[in-house]
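Chains here go by letter, A, B, C, D, E and F, matching the order in which they are written, and residues are numbered from 1 within each.
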Amino acid sequence: MSNAIEARIGDLERYIPSLTAEADLDEFWERTLAEYAGKPLNGTRELVQTPMKGMNVYKAAYEGADDTPLHAWYLTPQAEEGTRFPCVVHYHGYTGSKGMPEHFAHYILMGFAVLSIDVRGQGGDTGNRLHQHYGAVKGWLTPGILDRETAYYRAITIDAIRAAEWAAEQPETDPERVLLIGGSQGGGLALIVSALSALPKAAVAHIPNMCHMDFGILNSNSSLSEAADFVSRHPEHLGAVLKTLSYFDNLNLAPRIRIPVMVSCGLKDPCCMPETVYAAYNRIESEKEMRVYPFDGHWVSDGQNRLAMEFLARHAGLA
Amino acid sequence: MSNAIEARIGDLERYIPSLTAEADLDEFWERTLAEYAGKPLNGTRELVQTPMKGMNVYKAAYEGADDTPLHAWYLTPQAEEGTRFPCVVHYHGYTGSKGMPEHFAHYILMGFAVLSIDVRGQGGDTGNRLHQHYGAVKGWLTPGILDRETAYYRAITIDAIRAAEWAAEQPETDPERVLLIGGSQGGGLALIVSALSALPKAAVAHIPNMCHMDFGILNSNSSLSEAADFVSRHPEHLGAVLKTLSYFDNLNLAPRIRIPVMVSCGLKDPCCMPETVYAAYNRIESEKEMRVYPFDGHWVSDGQNRLAMEFLARHAGLA
Amino acid sequence: MSNAIEARIGDLERYIPSLTAEADLDEFWERTLAEYAGKPLNGTRELVQTPMKGMNVYKAAYEGADDTPLHAWYLTPQAEEGTRFPCVVHYHGYTGSKGMPEHFAHYILMGFAVLSIDVRGQGGDTGNRLHQHYGAVKGWLTPGILDRETAYYRAITIDAIRAAEWAAEQPETDPERVLLIGGSQGGGLALIVSALSALPKAAVAHIPNMCHMDFGILNSNSSLSEAADFVSRHPEHLGAVLKTLSYFDNLNLAPRIRIPVMVSCGLKDPCCMPETVYAAYNRIESEKEMRVYPFDGHWVSDGQNRLAMEFLARHAGLA
Amino acid sequence: MSNAIEARIGDLERYIPSLTAEADLDEFWERTLAEYAGKPLNGTRELVQTPMKGMNVYKAAYEGADDTPLHAWYLTPQAEEGTRFPCVVHYHGYTGSKGMPEHFAHYILMGFAVLSIDVRGQGGDTGNRLHQHYGAVKGWLTPGILDRETAYYRAITIDAIRAAEWAAEQPETDPERVLLIGGSQGGGLALIVSALSALPKAAVAHIPNMCHMDFGILNSNSSLSEAADFVSRHPEHLGAVLKTLSYFDNLNLAPRIRIPVMVSCGLKDPCCMPETVYAAYNRIESEKEMRVYPFDGHWVSDGQNRLAMEFLARHAGLA
Amino acid sequence: MSNAIEARIGDLERYIPSLTAEADLDEFWERTLAEYAGKPLNGTRELVQTPMKGMNVYKAAYEGADDTPLHAWYLTPQAEEGTRFPCVVHYHGYTGSKGMPEHFAHYILMGFAVLSIDVRGQGGDTGNRLHQHYGAVKGWLTPGILDRETAYYRAITIDAIRAAEWAAEQPETDPERVLLIGGSQGGGLALIVSALSALPKAAVAHIPNMCHMDFGILNSNSSLSEAADFVSRHPEHLGAVLKTLSYFDNLNLAPRIRIPVMVSCGLKDPCCMPETVYAAYNRIESEKEMRVYPFDGHWVSDGQNRLAMEFLARHAGLA
Amino acid sequence: MSNAIEARIGDLERYIPSLTAEADLDEFWERTLAEYAGKPLNGTRELVQTPMKGMNVYKAAYEGADDTPLHAWYLTPQAEEGTRFPCVVHYHGYTGSKGMPEHFAHYILMGFAVLSIDVRGQGGDTGNRLHQHYGAVKGWLTPGILDRETAYYRAITIDAIRAAEWAAEQPETDPERVLLIGGSQGGGLALIVSALSALPKAAVAHIPNMCHMDFGILNSNSSLSEAADFVSRHPEHLGAVLKTLSYFDNLNLAPRIRIPVMVSCGLKDPCCMPETVYAAYNRIESEKEMRVYPFDGHWVSDGQNRLAMEFLARHAGLA
């Protein structure tokens, strides 16, 4: 008795594809996280002038998965010294950058500090010291993709975890109130950090990628199409590529999430397709809410952004 | 001895097409402005709650070219009563809307008040009481286009002028420091208000439309293509349509501008084409600066937005 | 044992999605039709010269859902005074117009009178006095869409019903032989008038829209994409929009049809998709015939037009 | 002092590219026309039933450039035996067909007889007995293109000339009032028959092809792109292809036209580009009128069709 | 427990649509093959110079389905007279040609002779003497399509069978080791010749067409879209067209194949869609191997070509 | 008196845009070449099995601009030890690879040895040890682009020069007869190596890039669009980017070429646009031939490849 839209959403809510995890998934992450647990962040921060007098703007950097300096903005409201703010850690979408301080002005007016990082190599200021050992497809996804240890996803996941750690260390940040947000690639990172780090208290994953990647590599026009092109050239590597992806697939990692998450999804998104988003979402066992938009493609609407602001405020005790 | 990019820009700097103004252009505007000079704005404003504690947000409305209530956000920093801020009046691009208060948070952190209005009928909350008296093309441009008195451009120009007037009336606004900004349609409106109103002190017109419209209707993919489609169906109306457009063409009105303006232009913009932007810009006689982007299409880059922030701060005495 | 084409058609013939009707559907139409039952048409007609000496061409107008004058052509064969012709009422597709008298010359040669009307606001001569009370998406569909009483579909349905009534009143028309035809939007109107008016004797609905609109808004590239865009901007209005559409959905109204109808469908039509056409068609209980074209998109072929001519001639007693 | 549209049209009006005629152009046509001068048409006609009682419909055929039977509709108003009507000969656009009798109903109502022919091989009922002696590109243009004697354009030009001759022979046709019309390929044929046959009294060439083909093969997306693809595969044939085309180029033949012609042109037509249409038009020395549409692409508008009807009526003495 | 790619392939492996064969399929081919069994090939060959000293290049021709001379390259390694090589017969894709001798140099270096033929009428040197008896769609597929006896597929199938026969007759060819290869149309021909001729010893059919054509005409963008367009214009011919296709559909003929075949398939091929390739492949009862590429469209990768080389070498006793 | 095609080509032949060379261009290359003059190539080669018995296939590697091992195929005809062959060095197009040995079989049959190298990082087996020090655009062009010393073009130019050197060192190569060939990026490399190395004896540059890059970055859709996107994000780097490109622009280096070159060009090539190819070609002072294809886009036709084979044979003394 449901209409066509309700029927479609109902099918997605019941979509539970097989996990693709290898037997040593947990062991891999235990070992990997241990490797970085004690590694110093070697962070730096420098106050810079902007036309926004009401915001303190720091050009920041810290060391991520290797000695690549990850560039970032650390932003705070103006306040008496010693004030500690809840902090939003922002991850951007594929090919993007940490953006400009003005993009985060609304968080400052809400009472948040903000850390917005570059994802390595992409459109910001941050380089990428990962060596490229063999031929690749345009983009960042395929160099190193034949092994989980050299995979780009491994590096950016560690970079993202360490971003939250660097944010928590700052004197203006209340380390008990670090929250994550991002869209697309940034949403995928928000989910995987939620699964792998005990630090964040809540997360917003708009139209996340890094979900049900066996489906996405076959059907989507996302950055996974780089991996598809790579396998198209080297069909013998199909198995290795799928295996590598499985270690970073939120489908497999979602059950680890212990914090409240908000996820969004557009039914017309050909990039982070609804099947992929729901496949991971349906595996989350903590407090969660899905915001589904029947007619939206691969974008985040103003309304969804406002819902995220309210969600973050609520979980930071600002509402 | 110049490279291909310099050569292209040099040609644009020397591009001075004929004015298309009718003999009674000045008389038309004198009469039209007089008609509205004493008409009350009947404005309203209501404080609304948002997650941004540092911003006062008012849902506002005022009467524009007819009794259509124009919806808007009026936003101010939190400050002691009686403080007066310079105010940025924002005009959006075609099919857009006044947006969300959070879009203007950076201006608040700079120390500006902001008024962001809906352009009537388009994607915001504002309707359009202009009657449609004959068949039209999808969009807002062609209903009424056969006569300057019923033209949509006339209505939105008056709406835009009265926006600045309403902003100046608010107790939090310093009426000597009202500045205009917009992109595309919004840039066109910023220019035409600069030409027709004595109120603004400076203006930023990103990639403005409403410039050299005889060229744009023939060559661009802008909203003028609605007018082109209309003439395609009714070839007998070519003259009338071109005549109507001429009264609202910044090519003809640019010499009236008396304030500092910043204009931007993308050499790859198929919508607000470089020829059209330069044609109007080259007719401006006041203090002016052009920001030209050789590889940009119809968008406003983060860097250009920052330049605009600095320009506005400088002309508002905030820098 | 069927081939791929037969299998596809077989699936469509068995496709019976749920009705989406609200409980008060019948009451809504009873009230609405009663409101217009006694309202005068205030029609006008004026003989105009064309190069076609064998056709009497009248520029006509009548009042539709409000006081908007609906423009139309009323065309008759030349004959002795007092001759009464069966009359074809023609509804055009979205963004179109009543066309030119020459488009209907073949009906004249068949012995029909013709009434071809503008759909309000679209590409003909007819304006639209419906007020736009809030922001909308380009096109005619979304202003007023939040309420069945202000919906554009309500207005054009009434306009279309009254077209048949005006046609029946003309002295050259045999009021017992008024037939309807249209394609796409025009096909949708032909069906809904067939469902709501006792006047027509038969109808042809080529590739009709206004069918199974919950499916169409989600999947098609028809004018419903305007409604989809509207909901994309205002997700909170999804329910209201779907509710409004349900009152005008031929899926819900088809069981009321009591006259013979011919319907056509292209299996490759991304606009009026086969699922939507069959969903309504399968609910029709009167004499009906489906003409399905496996390789046709959103167009009406010459052959289908000829079949329609034969169908109309047969039901008008001309064959 | 002209606007951008006037400036563009002015440039076209002054555009006089070099003729591309070979020295023996006249000799070629003298010989070719002589070859067919006495060849019998071997026409046939058969009355068929349609729902249009007011039109006599004959399925006709005659022999064109070889023994291929060219299929056609010959249509007349109903009238007393012995009545002779002016006759419109219609040539269709590329890939099209003679159409359906109902497409020409308006001419019948004007008092014309109509002959609408298939262009050989294309979308109608008519085959093509020209042998294909070497490999070709999809479409009809390139088989035989290496020699003017075997060229498809030669065959269809003769077919088109003989169509006018067959029309003139019919007892219902007034042989002094044969007029030509067509669009695109049909416009090209209308011009070339006007140049080569003494029979027609006037012609309408909407957006004609077969004009300034050296420009068109380089720049347009017309059927000449088949010839371009052929030369792309066989670069050694560039000269032969251009030479063949030159014998059928209205640029070279236009000065022979002795009858009134109406030509139309869309400034946005990427197929029969304005440069090509004007290049031929500017060479016509007889009574002529150009209808130029600044915003039209490769289509013929309703308004232009009405102008053509009036032009034909005037030159047939029907107006 | 399978991932999305395995699941998709598994579905294809189990896809067994109904045969579409007419009752007289076997009788048709028995009669047809008998008709050509004794018909002389009337072959010619002429040694031509190329820059490749290590290859003997013969411009060859033979008679195919009618008296059309089929042009071809016959290529051999340089060797002592009397040496007999295994011979690869190559069929090209739609609109292509026999190519250039250099395209086959790798086969020469492997120790193969090569015969590469033109498919009639398409992009090589070979004409097409099949008469076109009625109007058609651009391309070679639809002339003659209303009857299996006049169908283009019949002619090219016979041409392809006789190519193998001509190759086997050459003194440099070992007639026991004739092998077939082709892609797309060429793959379809390789399969149908494998089914109908006792001559070949093995075949490679890359992404073959002429498979499950009832599905392909409805869903693919292959050359079958010409047949779809033809039926779109002439809906009354749907049955005749499907019937004609059924005689040349490898779906129906695959069970006749008695030799080893390698078939390839791209899951993203919109032209020779996976359903069509698997439908025929699943009906093959001889030794067979499928090479499926999850991310490949309508192309043959370098790796697949190498696999084909190895397959051919193995079955020719060269490996 | 020329036709449109001749006129276009004539304009190109007279197109002489300004050089963009910096004052220290010569000094830069003198220093750079000196730096690598004595650096060992550290080459390796390993015989591998393929199905092509007539070709010796070596998997090779050597060190290029840094310690990145450049992977390559070194291929020779089978011959008595001590035979020395002229050697073709092949550079591939952007995103491509060294290909497969079978791609070069025709050169083997001509009597050439072949070296086909990977361009670093792209679609072959070769990695890229250049560090990425800041954010970049997808692709290989923009990392390092802010300085000629770190530019990707510098590395690949040195890699390409050293390829010729490694080829010349092989015992099967006649070092006096090393010839270069490539298309697009490979054509650009063939030209720049011709300009900078004394080793090659002749070169073929099909549709070369790295020519008149100030024009190409503004107008083409080539890999320079990566640089354009980079500047679009970082407008402050326009000058630095153009300066870097100038050191690798064949426009500036062409006058250094001392060997015979064949260049090709497609007038419809939107990637390596005719203006850019002719701009460099017109500056070449040695023996040269241009092959221009009026209707070709960004591809190399079979005929042009054959011309290249003949050109190479002639200059290697094989013809």
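Quick note on the criterion: a contact is a pair of C-beta atoms (placed from the backbone, for glycine too) under 8 Å apart; a residue touches a chain by one contact, two chains touch by 3 or more.
Here the structure is a predicted model, which is why all the values come from computation and not from measurement.
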Subject >> Intersection of contact partners for subunit E and subunit F >> reply: A, D
**OP:** List the interface residue numbers of subunit C and of subunit E, divide the shared ones by all numbers used, and answer same when the ratio is over half, different when under half.
**Re:** different
**OP:** Indicate the whole-number Å distance between the mean C-alpha point of subunit B and the mean C-alpha point of subunit E.
**Re:** 63
Original post:
If you average the Cα atoms of subunit D and of subunit F to get two centres, how far apart are those centres in Å?
Top reply: 50
Original post:
Roughly how far is subunit C from subunit D, going centre to centre by Cα mean, in whole Å?
Top reply: 37
Subject >> Touching two or more other chains - residue numbers and ranges from subunit F >> reply: 233
Original post:
Every touching chain pair, please?
Top reply: A-B, A-C, A-E, A-F, B-C, B-D, B-F, C-D, C-E, D-E, D-F, E-F
Original post:
Which bits of subunit C are touching subunit B when the two form their complex?
Top reply: 95, 97, 118, 121-129, 131-140, 143, 233
Original post:
How about subunit B: which of its residues touch subunit D in the complex?
Top reply: 17-18, 20, 212, 214-215, 217-219, 228-229, 231-236, 238, 242
**OP:** Write out the stretch or stretches of subunit A touching subunit C in their complex.
**Re:** 1-5, 8, 267, 293-296, 301, 303
**OP:** Name, in rising order, each residue of subunit A that touches subunit B in their complex.
**Re:** 51-55, 77, 99-100, 102-103, 105-106, 108-111, 302, 305-306, 309-310, 313, 318-319
